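Across the two complexes that follow, chain A remains constant while its partner is chain B and subsequently chain C.
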Partner chain A sequence: MNRKEIFLVSAFRENSVWKQVLGICSALAVTNLMLNSLIMGLGFTFALALSSLTTSLIRNYTPRSVRMIAQTLIIASYVIIVDILLKAYLPEISKQLGPYVGLIITNCILMGRLEAFASKNPPLDSFIDGIGAGAGYTLVLLVIAFFRELFGFGSLFGIRILGVWWTNWSIMVMAPSAFFLLAMLIWIINKRYYKLG
Partner chain B sequence: MDISAFLLFWAAIFTSNILLTNFLGMCSYLSVSKEVESSVGLGIAVTFVLVFTTALNWLVYHYILLPFNIEYLQYIVFIIVIAAFVQLLELLIERYTPALYYTLGIFLPLITVNCAIFGVSLFMIIRNYDFLQSIAFGAGSGLGWLLAILMLAGIRSKLKEKLIPIGLQGAGISLIITGIMALAFIGFSGVATIQ
Partner chain C sequence: MAEQGFMERPVYPVLFIIALSLVFVGILAAMYRMNEPGIEKQKLEAYEKSILSLCADSLASATGISTPEIMAAYPQSFADYIKPLPEGAYPRRAFEVKFGDRILAYVFDITGKGLWGTMRALIATTPAKDTIIGINVYEQLETPGLGARIEESWFTGQFEQKTVLDNGVPVDFELIPEGQSAAEPNQIRQVTGATITSKAVLTMLQNELRLILDVEAGK
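Moving on, here comes the complex of A and B:
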């Protein structure tokens, strides 16, 4: 596989969210606003791509028995960097995201990509794979956030789109809509993209 | 936070259920909920681990991290505490109650990567709970998670013979059921609110 294929496969065909339904905790929790979702997606991609790179660089020197704990520590280190950067430059968004930035550490997508790809492939390929998986994840976040923010607040990225005639659907701001939207997204993708059913 | 531990316990189960309102612990919730028995086993294990790790993490944060001004290490330290506790528990259960080990044993590794465990520790720090409140919050969140997975497993076992579109089977229909459950739980929200 060349690098472009690696990116496309991990972003779309093997997208962790809709193919394996992994790591959806934070995907659902931060999606009531587009801006929060975008920042979360970028932070996630940053942590995943650099963890992949690091894991791949030391893959030949890591004994199998300490592999998991080494990967966890690598992930945690990059997530701490993301957290500190957000606190310093975007304190308001950092407060809104709350514990979900820290929860990137226990996101199964990261561990999954490191185990499945980065621990077996050369550094640059792993880096590309990490960016691909991160882009796929960000895409899902933005799609769900688009509907939740548009119908829940009548705005996109905080800019008012729907006029004064629009009545906000408060259900879109609350938890259940996130479950319904993700279920619908998975259904549509299974039907149109994987041609199931 | 001047909210009583007792109220916090009930609120964590019903009004701010860790899974239905905070979306935590979804991966094992979706993958294990096919059978009622295994769901109960995992739910009990999660509750037990949650009570002890929130207590341990509270002590570690307030007596080690805060005095030395190294709060930014909380992510790494909490993860290590949780992983070490689960590992220790596995050893102890295997040594003293082999029967329990075979029923619970397979779920224990799943718990380390359950984000509900880590999430509760982070929430307790962000919301400034004291020691008793943290334990009540941990226990309530665990029972709330158990309740959610038990309900989903019960509904899914009834759905086995029903015709569901192929694209919606598995995760899709589980998410829709979860959404309906979350809608129902909003009905509790007048009882108590914790943020």
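Moving on, here comes the complex of A and C:
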């Protein structure tokens, strides 16, 4: 597999959210605003890509018995770095994202990619795989956030799109809407591209 | 092959994790140190803005400048109107809100025990310190979704324009269910599912007001 293919596979064909159904919690939690979703996605991609790179670099020296502790340690460190950077430069967004940035640590996608890919493949490939999986995740967040913010607030990235005639759907602001939007997304993609059901 | 032998010894995983931890702790410590001034600055800014927003309405009616304009003029407006009182004047950090020579309000930084940890709040009072202008809980460790809702404006807004002194004694507030509407001026709608936290806010208010009033009485 060349690098372009690695990226495409982990971002789309084997997308962590719609194909592997991982990382659902955060996809439901932070998607009521486009900007929050974008920052969350970028932070996530940053943490995942660098964790993949690091895990891959030390893969030949990592004892099997402690590999998962090592992976968790690596993930946690990068996530804390994201948290520190957000606090220092984007305090408003840091406040809105609240505990969810810290909870990237427990996101199954990270552990999944490190265990399935980075611990067996060369550093650069792992890095690309991390970027791919992160891009796939960010894409899902943005698609859900697009509908939630548009219908829930009548705006996109905080810019008013729909006129004053628009009545905001308050369900879209709340968590339940993310459940059915995500379900619809998975359904449509499965139906169209994987010819399931 | 010597290295291979070492990697198979039982002590190797332990040493590996210790080494890895040290490396990452070092990186994190360095990252934090580098960004600490930035984080502190952002915190201070949020704190000062919070003080300003509590008394922005009072300032607006005194100065004739609209509330949003006062907020937009931060940090100049903070420097113009808000003066920290010298340490020791009150047992808590205190700020005087002044327009010219007229004192418009006082802001106190109060603290109390919540359900899970210390809560900190800013409270603005009238110059006579008998009426609350506004309150803002800016730091708390209460349960997200339940107790943490004491930060929400519907809850803190209930204290606005509340008389807290009755003949020099702090008023006893009474909690009523969230869904009801207050019939008496001393009734406060509590956060559903967070009775202890709601009570803690009232206790904090009473204790801290008493503390401030004691200073006043001693003068």
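To be clear about the criterion, the second predicted complex is superposed on the first by the 197 of 197 C-alpha atoms of A that agree within 3 Å, B and C clash if a C-alpha of one lies under 4 Å from a C-alpha of the other, contacts with A are read in each partner's own complex, and residues count from 1 in each chain.
In the analysis below, a contact is a pair of C-beta atoms (placed from the backbone, for glycine too) under 8 Å apart; a residue touches a chain by one contact, two chains touch by 3 or more.
These numbers come from a predicted model, not from an experiment.
Superposition model on chain A: chain B and chain C are shown in a clashing arrangement. With both structures placed on the common chain, the touch criterion links A:Ile161 to neither chain B nor chain C. By the touch criterion defined above, A:Lys191 reaches chain B but does not reach chain C.
When the shared chain is aligned, chain C comes close enough to touch A:Ser65, but chain B does not. Residue contacts after overlaying the shared chain place A:Asn107 against chain B, while chain C stays out of touching range.
If you count the residues of chain A touched by chain B and by chain C, you find the higher number for B.
In the superposed pair of complexes, A:Met1 makes contact with neither chain B nor chain C. Once the two complexes are overlaid on the shared chain, A:Ile84 sits against chain B and chain C alike. Where the contact sets of chain A with chain B and with chain C meet, they give residues 69, 73, 77, 80, 84, 98-99.
By the touch criterion given at the top, residues 7, 12-13, 16-17, 20-21, 24, 27-28, 31-32, 35, 38-39, 42-43, 45-46, 144 of chain C touch chain A in their complex.
Against chain B, in their complex, chain A makes its touches with residues 21-26, 28-29, 69, 72-73, 76-77, 79-80, 83-84, 98-99, 102-103, 105-108, 111, 174-180, 182-183, 186-188, 190-191, 194, 196-197.
Touching chain A in their complex are the following residues of chain B: 20-27, 30, 72-76, 79, 83, 113-115, 117-119, 122-123, 126, 165-168, 170-173, 175-176, 178-180, 182-183, 186. On the side of chain A, the complex with chain C involves touching residues 58, 61-63, 65-66, 69-70, 73-74, 77, 80-81, 84-85, 87-89, 91, 98-99.
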